[in-house]
Amino acid sequence: MNLTVKIGNMTMKNPVMTASGTFGYGAEYSEFVDLNALGAVVVKGISLRPREGNPPPRIVETPCGMLNSIGLQNVGLEAFLKEKLPFLRRYDTPVVVNILGDCVEDYEELCTRLDGKVEAIELNVSCPNVKKGGISFAIDREALKELIGKVRKKVKHSTLIVKLSPVSEDIASISVLCEKEGADAVSLINTIPAMAIDIETRRPALANLIGGLSGPAIKPIGVRMVWQVYQAVKIPIIGMGGIMNASDAIEYMLAGATSVAVGTANFVNPSATVDIIEGIKDYMKRHSISDINEITGGIIWEIKDH
Amino acid sequence: MSRRFTARLIEKRWLSSEHFLLRLVPEEKTPEPKPGQFYLLRPSDTYDPLLRRPFSIFRSSKGTIEFFIEKKGKGTTLLSELQKGKRLDCMGPLGRGFPLNILSQDSVVVAGGMGIASVFSLLEHFKDLIFIYGARTKEQLFFLDELSSLKRLITVTEDGSHGKRGNTVDALKEVIEEERVTSVFACGPEGMNQSVSRLLKSHSIEGYISFEERMACGVGACLGCVKETPQGMKRVCTEGPVFSVKEL
Amino acid sequence: MNLTVKIGNMTMKNPVMTASGTFGYGAEYSEFVDLNALGAVVVKGISLRPREGNPPPRIVETPCGMLNSIGLQNVGLEAFLKEKLPFLRRYDTPVVVNILGDCVEDYEELCTRLDGKVEAIELNVSCPNVKKGGISFAIDREALKELIGKVRKKVKHSTLIVKLSPVSEDIASISVLCEKEGADAVSLINTIPAMAIDIETRRPALANLIGGLSGPAIKPIGVRMVWQVYQAVKIPIIGMGGIMNASDAIEYMLAGATSVAVGTANFVNPSATVDIIEGIKDYMKRHSISDINEITGGIIWEIKDH
Amino acid sequence: MSRRFTARLIEKRWLSSEHFLLRLVPEEKTPEPKPGQFYLLRPSDTYDPLLRRPFSIFRSSKGTIEFFIEKKGKGTTLLSELQKGKRLDCMGPLGRGFPLNILSQDSVVVAGGMGIASVFSLLEHFKDLIFIYGARTKEQLFFLDELSSLKRLITVTEDGSHGKRGNTVDALKEVIEEERVTSVFACGPEGMNQSVSRLLKSHSIEGYISFEERMACGVGACLGCVKETPQGMKRVCTEGPVFSVKEL
């Protein structure tokens, strides 16, 4: 039974990775999960310098989901390379670094310094582009094009993944843009901007007012977007958003994902990733599937018209 | 020994219409909890509610762990409806507890309201100290029998229905003025915790206070449960829930 | 205690209406709800001619939500006016007709024929614009501008509401466009395009592949959008998306909604609308609020910066 | 008399590891159900699962209603875990049942698998007829004792472990060839229903078949549960679940 998948030139022993920001820097969960069993570990978004993030409260539960407004809190590139990466290097598992910046130059520098040191770099483009009045790269096509074009030149050894935001009106054409500019893969979906209010105090549940919705609630939106992107591009897709179990992971793969990332599920079930890997194997056995790659895009459909 | 385990509910005891004790027996060997540490319990097998809920270890002995829980919302209501025999998905013990090595006859422990859940096991560990226990009314003071074996128990209620009328901070102030106090251990609502912290700082008394913050992972991975401190954001689930007053 | 709110020149005895497509033509639920108690009844989207809608299966449950691909099934304008409206006219409750068309002309004719016969007309702009290659009016600003400008001329007596789609990248600027073109109010959010796959059969759960996600899962997205629109326009907002109980309704009102619509909740609890009205009254009593309009936009917030 | 009511669970009885009976007592007066009608039960007080689930009336008498349920997924699993005494949020009776006035000695009733849940009350109503009951194996045939009082009971199983090896449609064909049959009442999986419908049409026999479709509202409002018919989309919850073969 072959579980191996390839994302760009990163080979994963199985299609299951962690979603950025939900697995710390790997060490936090190493007591609950054998990191060697994972397809890849994706770490919390890293910026050039350490960041404090948003004030608390930063999380709140919503129906079948949660909002987070962690913001950009992270240890910064230096500390990541010195203190966090060596731990992950003890494992035989590819490391993907999610990166975030205020402007194109930040991303370029991050890529230059990380290239070749980690198997893949994932650009989080949901961040506001400070030099352009704070509009997110995710919805400013020009800025996104420039960003990917420029970082592509810096990433010569690692695999370059662009992480798409579900805010896009037309996720398929955004993914085509990424492919054209040289992204090796796209990952989606990031969290959906959302909000909750405590009606007794009239205060927002998050100090930052708006946070990102994740968890099972968003799964049908993520599956739809992966399917739309799969119709549009040839590069591999990393699917995520509300994957809680093997069935959810397979749903994403049938829609077109080559690999899947597990986020919020880690909080609910710290061994979610490895449980999902086992569940995928069971499914393959049950359906006599010898190669996991057969599942990708395997949805059977035709639209009947009226 | 794993900090992720299933445990069987062997006893549920109501202490008021809103407060109950859950006694669980882990089905595998798990590390001994220290006073002030907490567990994450999963209140439902479905995705609503989704996240685990944090509860302080109330008492533990011979392979059982006990939680004292107030019914607040969805999660605690579901927990209160569990039937004996039910298997629960647990994580713990988590976080930094109280430093037991500095407990002495000159220690004072303070609990406000549900703060009792967090300090009770401390009091079982060491009884030769002063315990200040406050609540809104006498109906919200629990375990008074068990607490009667302490060196000294001072109760305060907002309405004066038990002990002095007043709050725990005023009571602590009085004790500090009257007695030799070298360390204070506290857990209560955010406001009380803040006041206790200020009071101890102004008297330069060593203190450890247990805080609450909304949690997702409980293991330091999500950065959701941070508390702002002069040294930056600290994760309540791993750097806390018990913080030294010096850190605040 | 005043519960009366105004949407354009439609006066509602309380802020709670039904969401289009979830309450049939009113009669279906009249056994479970006193229609006289409602703020308004919004009926299933009406087109010029009767439509068959999409093939089944049309609905599927998802975590804390559901997908529907009913499509455009409705009795058509004629039958609505002859067979459905007279029943609703027996009640002392405003009637809102949600309308949908293939092109601007369809909407114009619907408006001409409905104007003055019902208290309000709600334009469902999530439909594909057949004359423009099927792009939805909701994301084609030019088409949307033209649509609202033209129907505004036909709607002289009824209140004109534009129902916004959550697919928009920038819901606030879309709402500003609606206000400028003369909409009396905006309602939001419509369902979110989404998808589910049966992993055992590999078939899409809906015959139409993509359906609209509704229910509690989407509430935090709807609340966020209502809040963003409230910052941008002066016309009243009808908030909806996952409102299950009074607390959810008040959350939407605090975010900026003048009125709220209850959709999927009707399926779960057929008396949801009236239960919500009662719950709002309790809340007002508990918080000594004498006029419901005080709640609208009543969230207390400031963003702390780092 | 309301079709929305709460009912108390007074009995849960397992008939296999996957099949159980729920007996409920409505706490207020509700209309008498007719064979073939159904109820919507809410499997959880939370929003996961969100929607009500449809179940045929299995049996009703003296203020109790009974459902025969197969554990399939989330909702039915939660229903199977309910404890006696639990109060359930119900809607019903809903939909169009079987037309009882045409039941006669020349009627045949056919059930495939869980279709028994929908036709059982019909058989209690009128016993002087032929009943064809099919399932995969004999373990999936239920209530054989109760059914023994019918004029004639024909069982078929796919593996031949009870009655004839074969399926209900073949059995029905045989009966039609051998006996005078003026009306047929059927409920089974989609494929069986289709075949029965075709068979009856070709023999010009009056027939009523109960169909399933995913439901949300159950009252005709959402247009979610439609079935394509030559006369256009029909709502299973209101125009059905029992359709005349003429409509199909």
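Note that the chains take the letters A, B, C and D in the order they are written out, and that residue 1 is the start of every chain.
Simple rule for what comes next: a contact is a pair of C-beta atoms (placed from the backbone, for glycine too) under 8 Å apart; a residue touches a chain by one contact, two chains touch by 3 or more.
Computed from a predicted model, the values in this text were never measured in an experiment.
Colleague: Could you run down the chains that neighbour subunit A and subunit B together?
Modeller: Shared contacts of subunit A and subunit B: C, D.
Colleague: With centres defined as the mean of C-alpha atoms, identify the chain lying farthest from subunit C.
Modeller: B
Colleague: Would you mind pulling out the distance in Å between where the CA atoms of subunit B average out and where those of subunit C do?
Modeller: About 46 Å separates the centre of subunit B from that of subunit C.
Colleague: Express in whole angstrom the distance between the two chain centres, defined as the mean CA positions of subunit A and subunit C.
Modeller: 33
Colleague: Could you please state the distance in Å, as a whole number, between where the Cα atoms of subunit C are centred and where those of subunit D are centred?
Modeller: Roughly 36 Å separates the two chain centres.
Colleague: Can you list every residue of subunit B that touches 2 or more other chains, as numbers and ranges?
Modeller: 47-49
Colleague: Give me the residue numbers in subunit C that touch at least two other chains, ranges are fine.
Modeller: 52-53, 55, 63-65, 215-216, in rising order.
Colleague: Which label fits the chain touch graph of this model best, line, ring, star, complete or other?
Modeller: Complete.
Colleague: Considering the complex alone, what residue numbers of subunit B touch subunit A?
Modeller: Residues in contact with subunit A: 2-4, 42, 47-52, 89, 91, 213-228, 232-233.
Colleague: Which residues of subunit D touch subunit A in the complex?
Modeller: Going through subunit D, the ones touching subunit A are 47-48.
Colleague: In their shared complex, at which residues does subunit C touch subunit A?
Modeller: Result: residues 52-55, 62-65, 67, 71, 139, 167-170, 192-197, 199, 201-204, 207-210, 213, 215-221, 223-224, 227, 242, 247, 250-251, 254-255, 283, 298-301, 303-304, 306 of subunit C touch subunit A.
Colleague: Under the definition above, what is the set of subunit A residues touching subunit B in their complex?
Modeller: Subunit A reaches subunit B through residues 21-24, 28-29, 31-32, 44, 52-53, 55-61, 63-66, 68, 70, 73, 215-216, 244, 264, 266-271.
Colleague: Mind pulling up the subunit B residues that touch subunit D in the complex?
Modeller: 44, 46-49, 74, 78, 83
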